[in-house]
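First chain written, first letter: the chains are A, B and C, and each begins at residue 1.
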Amino acid sequence: MTGPLLQVDGLSVAAGSGANRRGVVQNVDLRIERGEVVSLVGESGSGKSLTALAIMQLLPSGVRASSGRIVFDGVDLLELPRRAMNERRGRDIAMIFQDPLTALNPTIPIGRQIYDCIRTHADLGHRGTLTRVEELLALVGIAHPHERSRAYAHELSGGMRQRVMTALAIACGPKLLIADEPTTALDVTVQAQIMTMLDRIRYELGLAVLFISHNLDLVAEICDRTFVMYAGSVVESGPVETLFAAPRHPYTRQLLRCIPRLDWATGPMPTIPGLPPRFGDLPAGCAFAPRCDAADARCSSEKPPVWREPGRMAACWRAA
Amino acid sequence: MTKLAARCERLVASCGGPAGFFGACVIALLLAMALGAPLIAPQDPLQVSIVDQLQEPGEGHWLGTDQTGRDVLSRIVWGSRASLTVSALAVVIGLAGGVPIGLVAGFFRGGWLEQAIMRTLEAISAIPILIWAIALVGIVGVKDIQIGPLTVTNETKLLVMLGLLYVPTLARLTYTSALSESQANYVAARRLQGVGGVRIMFSDVLPNCLSPVIVQATLLLAIGIIIEAAISFVGLGVQPPTPSWGNMLASARDYLLSGEWWLSVFPGAAISITVVGFNLLGDGLRDRLDPRHIASEAGR
Amino acid sequence: MVSLALRRVAFSLFSLLVVSLVLFMLTRSIPDSPARIVLGDQATDQQIVQFDRDHGLDRPILVQYVAWLRHLVFGADLGSSFTTGRDMNRQIANTLPVTMEIVAIAFIAATLLSVTLGTLSALYRDSPIDYLARLIAVLGVSVPGFWLALVLILFFAVDRDWFPPGGIAPFSEDPASHLLSLVLPCLCLGSFYLAVLTRMTRSSLLEVLGLDYMRTARASGLHPVRVLAYALRNALVPVVTIGGVSFGHMFGWALIIEQIFNIDGMSRALLTAIQQRDYSMVQAVVMMFTLVFVGANLIADLVNGWLNPRLAAAA
């Protein structure tokens, strides 16, 4: 199969209806190749989670993809009937969520949840499925998988729950794993463990990963390419090293500047002044202009063009 | 928007929406009917008239007459007094007994005493109220009791017993709220200010416990109407000839199979409409005061 | 789970103990002593003292209570009524099954119907079935069962001959007639509960369907039916609680329904006892009612502990 695994073209998502309709994601382009690790980075409210949910076709009620294409493995997901999409979920594309405690059913043992997922997409027989469940739990680094598979979500620690969720997601061998801020709800030490585990899984299974985070630093470790989102649009994208070394968009540049470094002299920490715009309340011109340190009059009044190079883009007048 | 329209909107909102407001209106009407019975009822509810027996609804008697010629409409209007009095005063007694107990127990954690009281109340609240009400009234007897100069009617006995039966539920509800409120930071802050415990309990903790209590009280008002009707129906409540919707239904039973439908339908309709009113208001208040919808639904 | 079960059972027993004590105290503290009731107003003091001594009524109240309790717990024996002298066990054994049958049928039918309606209502919001369910909910809660009974009798039994207006034909004689005569009483008894439960199922399911773990279930690609099963497993917890409470309540309201439909159940036993001032019988019947009530609550708690292990852990 040639072509990228996932190609998102001009995706826009809107919430509400009638007079309350607001665009929450505008015209987003994404590309993920097979086996690639791509990150989607942005502040809260930048629309990154909604983009991911749109790909999975799991948008909450009242929120709908209003235009664009989401082509996965050659098929436009937005055109698929519900049953066909349901077949792909879990089997071809999977997702892990931010808060593993609320994301796992509290009344069903975790082993059973994984069992049901496998049974839905594959027929390994009862014993075969049970064995597979334990293999998966061991794969994500859970000790004593046989006993643990009978546990309930609330009986496990945060890190273990996230491992369980990962096991649930990779159970049927998907090609793409979407990880929506998987470590945000965890302690820092556990974060590192989970990141290591995800990287190992990815490598062993040859998964492509779409990693969503608000933490640029975290994703730099394991990602190949990064997409930076602001106020519902992608403002810059490119290979991680180049992005870090020479960012072309002021937002990316200012974000990088905010990452604390050990060799800083003491003094006030840099921030990006102001707040991101609320959904649907976008200013004319560039959405970032009010907070940008390099903005001029043109930025505030006209939408910036998209500067492109092979493998890179930036939506800024000053990108070139 | 005009001032009147704005005020109307606030009024509707304070009842928790249009349904709640409708319920409030129904209850207001009921209250007016009960208070203004002497003025509203077209005829004397106790006026017997042999010639007018069992008349169908029509001229002169809009809802018909009963087996002794009394006007059904007037009896329904006057009957609202019995239903409302029993229901409302029972809830008042329940609140007067239950809220202080729950408040004090939840605020001044009394160690084993608090646990004992609360456990006992929890144990007692596991009783079917209707059965106990019937049994208690049955045991005490339906005749009026003389205590010195006071005559205690059956109605009074009923509402006192019902009120006492409500105490455990209301006490536990207040207790749960008081318990969690007492541990809130603002209470600790007040204590640090040097404010006395009792004062904090009344001025800070109590108002925050009232929301679920108010909702439950409204529902208990609805239940009280039904219980009073049921008890009067089996002859243990309001005694004839005093009209009550329940005892009107009791005497209507004998005429059920012979076709005098108005004797059963109208009193029952009165009960239903009243209960709908209280339920709608209770739901509206719950939406407004307690968005988490604690499951106190089956409080019958 | 086991510790939860033990704790709940212990608490239920404690509950019954407290209640029985209160009940006992009440019935023994009324001014009309059984002696006076049986022997009449003309009885001499001598006769009354003799009566009391014969029936053990001259002992201290607590001693009487313990004796009564011992009979009840170890012998399953409610004793004989002081007033009528009849064996209360037999009386209750005759009437309890009748009431139990009506309540059980009403309960089961209402539960099945309301969970179905509530689920459909939650899944297909704002559809005709949703409106129907919500209408039933409002009406069932507001129209008192006994008025519904009168109206239905008027409508079905008087104007039409579809259902008998009262009484229950014994099953052994005529099964069809027996079942027919159960329809109206069970309908009236279950209407309130049907309404409450439909509403509860609906709101509980709606709430659960919006939770994060349902999103995970869908993300796993689970079949929609299994997704629903996952949701119901959680949504049914408050429903079970209310079920337990309602069973007990229904047992109480059966009293009124039996009176209307002329059914010879526990209500007749209770009201007759009240009429005859047979207070030991009143006490026995109320104790039975309370037993059923506490028992139903206990079962509901245990079922919930099984359904939702987090409750069991927190208990």
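Definition applied: contacts are C-beta pairs under 8 Å (C-beta built on N, C-alpha and C of every residue); 3 or more make two chains touch, one makes a residue touch a chain.
Note that the structure is a prediction, hence the values are computed from the model and not measured.
Asker: Within the chain touch network, how many edges lie on the shortest path between chain A and chain C?
Answerer: Minimum step count, chain A to chain C: 1.
Asker: With chain centres defined as mean CA positions, report which chain is farthest from chain B.
Answerer: Using the mean of the C-alpha atoms as each chain's centre, the farthest one from chain B is A.
Asker: Report the pair of chains linked by the most C-beta pairs in contact.
Answerer: Counting C-beta pairs in contact for each chain pair, the top pair is B-C.
Asker: Express in whole angstrom the distance between the two chain centres, defined as the mean CA positions of chain A and chain C.
Answerer: 53
Asker: Could you work out how far the Cα centre of chain A sits from that of chain B, in whole Å?
Answerer: 55
Asker: Need the CA-centroid distance for the pair chain B / chain C, whole Å please.
Answerer: 22
Asker: Provide the list of chain B residues touching at least two other chains, using ranges where the numbers run on.
Answerer: Answer for chain B, listing residues that touch two or more other chains: there are none.
Asker: Among the residues of chain C, which ones contact at least 2 other chains?
Answerer: In chain C, nothing touches at least two other chains.
Asker: Chain C touches which residues of chain A in the complex?
Answerer: 56, 58, 60, 86-91, 94-95, 97, 99, 102-108, 113, 116-117, 120-121, 152, 154-155, 165, 168-169, 171-172
Asker: Mind listing the chain C positions that touch chain A in their complex?
Answerer: Within the complex, chain C contacts chain A at residues 210-213, 215-224, 226, 230, 233-234, 307-310, 313.
Asker: Which chain C residues qualify as touching chain B in the complex?
Answerer: Going through chain C, the ones touching chain B are 11-12, 14-15, 18-19, 22, 26-27, 30, 32, 138, 141-144, 146-147, 150-151, 153-154, 157-158, 165, 192-193, 196, 199-200, 203, 238, 241-242, 245-246, 248-249, 251-253, 255-256, 259-260, 270-271, 273-274, 279, 282, 285-286, 289-290, 293-294, 297.
Asker: Show which residues of chain B lie in contact with chain C when the two form their complex.
Answerer: My answer: residues 119-120, 122-124, 126-132, 134-136, 138-141, 226, 229-230, 233-234, 236, 249, 252-253, 256-257, 259, 261, 264-265, 268-269, 271-273, 275-276, 279, 293, 295, 297-298, 300.
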